[in-house]
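Got a structure for you, questions after.
Lettered A, B, C, D, E, F, G, H, I, J, K and L in written order, each chain numbered from 1.
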Amino acid sequence: MRILFLNGPNLNLLGQREPDVYGRTTLAEIEAKVREAAQKENAQVDFRQSNLEGELVAWIQQAKGKADVIVLNAAAYTHTSIALRDAIAAVGVPTIEIHLSNIHSREEFRHKSLIAPVCVGQITGFGAYSYILAVQAAVNVNVT
Amino acid sequence: MRILFLNGPNLNLLGQREPDVYGRTTLAEIEAKVREAAQKENAQVDFRQSNLEGELVAWIQQAKGKADVIVLNAAAYTHTSIALRDAIAAVGVPTIEIHLSNIHSREEFRHKSLIAPVCVGQITGFGAYSYILAVQAAVNVNVT
Amino acid sequence: MRILFLNGPNLNLLGQREPDVYGRTTLAEIEAKVREAAQKENAQVDFRQSNLEGELVAWIQQAKGKADVIVLNAAAYTHTSIALRDAIAAVGVPTIEIHLSNIHSREEFRHKSLIAPVCVGQITGFGAYSYILAVQAAVNVNVT
Amino acid sequence: MRILFLNGPNLNLLGQREPDVYGRTTLAEIEAKVREAAQKENAQVDFRQSNLEGELVAWIQQAKGKADVIVLNAAAYTHTSIALRDAIAAVGVPTIEIHLSNIHSREEFRHKSLIAPVCVGQITGFGAYSYILAVQAAVNVNVT
Amino acid sequence: MRILFLNGPNLNLLGQREPDVYGRTTLAEIEAKVREAAQKENAQVDFRQSNLEGELVAWIQQAKGKADVIVLNAAAYTHTSIALRDAIAAVGVPTIEIHLSNIHSREEFRHKSLIAPVCVGQITGFGAYSYILAVQAAVNVNVT
Amino acid sequence: MRILFLNGPNLNLLGQREPDVYGRTTLAEIEAKVREAAQKENAQVDFRQSNLEGELVAWIQQAKGKADVIVLNAAAYTHTSIALRDAIAAVGVPTIEIHLSNIHSREEFRHKSLIAPVCVGQITGFGAYSYILAVQAAVNVNVT
Amino acid sequence: MRILFLNGPNLNLLGQREPDVYGRTTLAEIEAKVREAAQKENAQVDFRQSNLEGELVAWIQQAKGKADVIVLNAAAYTHTSIALRDAIAAVGVPTIEIHLSNIHSREEFRHKSLIAPVCVGQITGFGAYSYILAVQAAVNVNVT
Amino acid sequence: MRILFLNGPNLNLLGQREPDVYGRTTLAEIEAKVREAAQKENAQVDFRQSNLEGELVAWIQQAKGKADVIVLNAAAYTHTSIALRDAIAAVGVPTIEIHLSNIHSREEFRHKSLIAPVCVGQITGFGAYSYILAVQAAVNVNVT
Amino acid sequence: MRILFLNGPNLNLLGQREPDVYGRTTLAEIEAKVREAAQKENAQVDFRQSNLEGELVAWIQQAKGKADVIVLNAAAYTHTSIALRDAIAAVGVPTIEIHLSNIHSREEFRHKSLIAPVCVGQITGFGAYSYILAVQAAVNVNVT
Amino acid sequence: MRILFLNGPNLNLLGQREPDVYGRTTLAEIEAKVREAAQKENAQVDFRQSNLEGELVAWIQQAKGKADVIVLNAAAYTHTSIALRDAIAAVGVPTIEIHLSNIHSREEFRHKSLIAPVCVGQITGFGAYSYILAVQAAVNVNVT
Amino acid sequence: MRILFLNGPNLNLLGQREPDVYGRTTLAEIEAKVREAAQKENAQVDFRQSNLEGELVAWIQQAKGKADVIVLNAAAYTHTSIALRDAIAAVGVPTIEIHLSNIHSREEFRHKSLIAPVCVGQITGFGAYSYILAVQAAVNVNVT
Amino acid sequence: MRILFLNGPNLNLLGQREPDVYGRTTLAEIEAKVREAAQKENAQVDFRQSNLEGELVAWIQQAKGKADVIVLNAAAYTHTSIALRDAIAAVGVPTIEIHLSNIHSREEFRHKSLIAPVCVGQITGFGAYSYILAVQAAVNVNVT
């Protein structure tokens, strides 16, 4: 089981960025927790971040045949990127959408996810723990 | 750790009801899996289902002081019940919203959750496994 | 042929309730006419009314295997209940939606039926005679 | 009792046209069934079809004093023709709106009928049998 | 003069529930104040609360001939229940809509009342004192 | 000065048609009054009515070089016909839009005129006298 | 026959103000033409202009018993003033709405008139000649 | 306790103005009743009316330190004036919004109050008695 | 290969009609070019124009078995005719939608094509050359 | 260079009014700063405030030939006054729109400025310093 | 004649990506066909693909003076990129918008093209053959 | 005082690009003017342009601790980029939004700025002089 974690714009600032909304854990600390959780499940993890929509699109494209599941925190691009949506639909790798904050309780424009309809499911609002839940979900994606 | 699982209208039909959308697992089988997962976490489970909006409201009210976390699959009432929303806000017990199907990839009227803004977070689209993820999320709700 | 007639909130007041809109026939008188019409078609009739959304949901659920057709006048719940819609879709018993008044010529919020998309068809505007037409429609539901 | 059946654009193609949506019965076959049903009720039937909005308007205008009830399947013009609506309101002959398919479960633009507010009622979704129900409804239009 | 006070979902939690929004007075304390105010006006009071939409509908129906005025705090159902609206219109007992908080200064979805158009008037935003004003309004409902 | 008066669908029913809205004057009587008023202004009148959108389009097209002003009561087509709008723009003959009733005080769908933006101006609400005002306006269309 | 002409904000600038839209005739010149036209009809004219919404409201109120018809070019207030609308409805003097330009072919926000529904009719787009047509319309307001 | 009653445009016409909607009591009669009711509560009353938005704004501004509560029937300006809203927010004197008619059962544009969000509460629909209720509410504004 | 070219309302005016928008080529000249282009591809051309929606509907109906491809410039009916849409769907002949002007850069109401969803594709904005491209597209409709 | 500063409703309260939003500087203090800044640029300043929409309209009208630039803080009228917009367009004096607070980060109804489309530009959010920037902008309005 | 073909995000996946929607032809195969078709017309082709919005913007900028026509399949960016629109408007090179699938028959969010208003025209729905039609259109862009 | 000027897509084309809208000054000339103005205020300037959304995001991120104020002309990304908004909110450096043209008087889609709510203020419409005003605003950002 190979899981590709992709993180969108500004997630490299985690820990410093609006800690009331996003918590004080850094992305590196989240990556460490994810690797630990994945190891328990004998899953491999590839963990990346980019501020460029097109780079995220490229990484999704390259996942074909190299990853069994994509876990995608598209951050701001969640609400504006049809290109990400098309990439997910194009490669056919099961993709899990995650968010640190509960996007449904924030500004109106964050309620709508353009990528949700082509994802397996969505986990939102559990802070850094959303990533750990995503490891579990990824490993069990074909179970239910 | 005491977790109250509440299931809304028509979830008693699980297994028979539109299996393409909701899977073939019955609610009883889900309950068994939930109890098993909870036991591993030393968590107690109260697991109920009702077709009555008002009864669900009452159960949430009664959770105060008796449950540490509520896991709520409000089904159809997710999209129409302000009463459930008000009940969650009133009792102040952390509540996790779950769905079997990915509500964001279905009919437009299922995209909007009236209860999401007062919940901790939302787990949607993983079939019966959404419930197991909710056990993990409930146990770790104050971690991140 | 077993037909289950379900009547939603406030229909127990028929005859007294806004007679300009709903006519002066009581629900009991309508039931009598329905039974008479059904008898001619050798059809059995179960005729009920409830003000509780959840009870109507339950009755639809129980129709599985016990009724060949449901005739549903959901009254106010027509426009607000996704739970009724889900119940109809879940049990798979052909359902005919009826209304006494012509809902399409009344307030804007009565034009939209949440249950119509999962019903066989809709008969609206013929007063108590809508019920008699529904008997005919039910008996012939698989004819055309 | 004289009933004028008016059929709008493309209904002359019935039987060939998208049989999954509209069934395999031709308009001629429907006319035959309608005549048979009307005869039992001692009702006379005038049965016409036109692709021209203006011709349908003219036929409705001419119904004054010649028909007791109009049964109108306006097809596509249901959703775009205020002229038909005005004609119905102008002549004052009770008009019953019918549709073969359940327009409320199809594309969004078919949900709204411009003529419904000036009709007695609407029968929709019963295929060719919608016409037979309309005969019953027409004969009983002043009963309830 | 007999006044029926009906309270909707979650109002049984008053005093504990979000005191910043709803105040610290309990429903029992409000009832006591209402009875005291009514007594001064020689009015009888029947004071009830239910979380069930259908039960509130039933109580409104039963008010016919037993109450001269209904005072209704429908809480969450204010914004979602056409059934309550239809019940009020059906029984014809003058009904006064009240709210503890100023619903017009809260979330968008609380601004619209489905029952307001069939009520005599609305009193909103005066906390528990809204109930006392309603007593005055009820007693004088036919004065102006 | 040659003025072409064009009347849209159902205006042939004037006098009988909903007299509360449209008055009791027949179209023939209006034509007589128009001819009388035009004669005083030494203007010639061509006065027609059609229920066919396409025929009205054709008449507008033919006005080029034969009429100095078109006075158009498009009736129901006012709100649905882009074809009429395009015809007016195409021929370049100054066109005056008129209505018997005040369309701005009727149903919402009558407030919007698709042809208004390509007309010189609009006269609405003066009953049959709208036509007489249009004669004055036509004769003076280049004055101001 | 006494006609009160009321002109709203910025109409005192006529002639200088955006002549492409409003023409080069001044308000004084229009007043002169109006007086001339009225004299032919033996009608008296009171002709005023104000930039103050409240002053226009007051003038409408004072028209009661002093004017037989009000001709109102409310200019910008046409689209924003419910106070003017209420004043017209309150005094019950027949009111004719006029505009120099064709408001229906300008910016979207000028298409909607808040006062139209309580006026007899609307004359729009004929430049200064709109005022002369209004004289005719006023004199004949009860004719049709 | 000093209460400032402010009345908006056209309220000076009360009694004559659309009595079906607003009743037959004049503003002077209402003022007399208000004074009588206030006297019983040992409250002083300042009672004014203006058709000018800016004058109402000024009166609200001057209330600072001179009135303990403002009771505002802004009439038409309720729905169009942000200036009134800003004035209320600026002076910080508790303000009670009142209406004679039930604005929520009238035209759509009267349902939305721009000033409600900055007022303590709203009393609407009780005719002249709304003013008396406002006296009670004003005297008790800090009680609940 | 038989191609049926259908032209909607006002296209008979091409060359004279708003040449800035539609160019100076007449419909006859376009037909000539189309025939020339079709001849090179050994395709037969039937080329028609009508201002009547119903006639265009009839021509599409008759295309069944007589044309291999329909090229349709529905002009104004593009945006208002569900009847044309239904006709195209009913006959099942591949249909190519064309426009002279770029409808997507004109008025808002021209952006939406009701027929596009049932056509193979759309060619818009190339003036008369849109027709030549349509010949190429028609001949190659099954290639890609 | 003569600059006319116009201030709309409630700006006379500056310093006392919601200091969190508008700051603690009074309008007189702002005027002093503006005069100081203008003097450095050899510009004359006329500085006024009114709560009356019509008075602001009049002042804009009178600016013609007397001011080279208008700086307008229309406050609440920014979002509701077409009359101000028309006045600006009518006089043709370059106008700069300013605001103390950032209107784009406040309530939805403050985002839309009706006057912006006829102004040179907008400066918003810099508190009292918005006025100083406007002096600079006014002096340089024809530079870029 | 030099034609610049630009392809947006995910088009590098053509052939593998959702073949039901986009066909089985790869982008390299399309390029070959385009070169072949261009050669017949003596046109040079520059053919590129990028997943980066900013890179596509840069390529459009660089086209000035180097390409006579741009053919742009912006894919997902069609619906979200104002930057592409601005680039096209800025460089002034005639641009033809193309799509493989019929965007007007797919999801609602694909119906709106942000770039269409600044393009010459649009060709959509002919699969890979859309590119060949674009070669023809490019070569003839100034003909009609 | 260190000021970071960031320029979004297509601003590198300034001077050539639609000079009617954006003026004839190049970005290099603007930079020179900005440096000159900043020098007078003893402020350092870092001045950059990018067509890549992600690069602009990165530059904003890097501003933390290196710039005291960001001046951002996000051009097209103003209306589509939540990523830029999130970056501004994340780094906490005061940011001033500027535009050359008056975005509020252009196309509807340019009226809404996604970044405005997290900026200090907005300066728009003064051409290249908007940049000079921004220097003043930046230097005084904490003054008012």
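Throughout what follows, a residue touches a chain if its C-beta (ideal position, glycine included) is under 8 Å from a C-beta of that chain, and two chains touch if they have at least 3 such contacts.
Given the structure is predicted, the values throughout are model-derived calculations rather than measurements.
**Student:** Suppose you hop from chain D to any chain it touches, then on again the same way; how many hops at least until you reach chain F?
**Tutor:** Tracing touching chains, the least step count from chain D to chain F comes to 1.
**Student:** Steps needed, at minimum, to get from chain B to chain E via touching chains?
**Tutor:** Counted as steps through touching chains, the separation is 1.
**Student:** Keeping to the contact definition above, tell me which chains border both chain D and chain I.
**Tutor:** F
**Student:** Half is the threshold here, strictly exceeded: which of F-G, J-L or B-E has more than half of its contact pairs identical to D-F by residue number?
**Tutor:** More than half of its contact pairs match D-F, so it is B-E.
**Student:** Considering F-I alongside F-G, which chain pair is linked by more C-beta pairs in contact?
**Tutor:** F-G
**Student:** Mind checking the centre-to-centre distance between chain B and chain C? Centres are C-alpha means, answer in whole Å.
**Tutor:** So the centre of chain B lies 31 Å away from the centre of chain C.
**Student:** So, what's the distance in Å between the C-alpha centres of chain K and chain G?
**Tutor:** 54
**Student:** What whole-Å value do you get for the distance between chain G and chain I if each is reduced to the mean of its CA atoms?
**Tutor:** 47
**Student:** At which residue positions does chain L touch at least two other chains?
**Tutor:** Where chain L meets two or more other chains at a single residue, that happens at 52-55, 80.
**Student:** Name the touching chain pairs, would you?
**Tutor:** A-B, A-K, A-L, B-C, B-E, C-D, C-E, D-F, D-I, E-H, F-G, F-I, G-H, G-J, H-J, I-K, J-L, K-L
**Student:** If you look only at chain E, which of its residues touch chain C in the complex?
**Tutor:** Touch list, chain E to chain C: 52-55, 57-58, 61, 64, 80-83, 85-87, 89-91, 114.
**Student:** Applying the document's contact rule, which stretches of chain A touch chain B when the two form their complex?
**Tutor:** By the definition above, chain A touches chain B via 23, 25, 102, 104-105, 111-113, 116-130, 132-133, 136-137, 140-141, 143-144.
**Student:** Give the list of chain K residues in touch with chain A in this complex.
**Tutor:** 8-10, 12-13, 16-18, 50-55, 75-77, 79-80, 109-110
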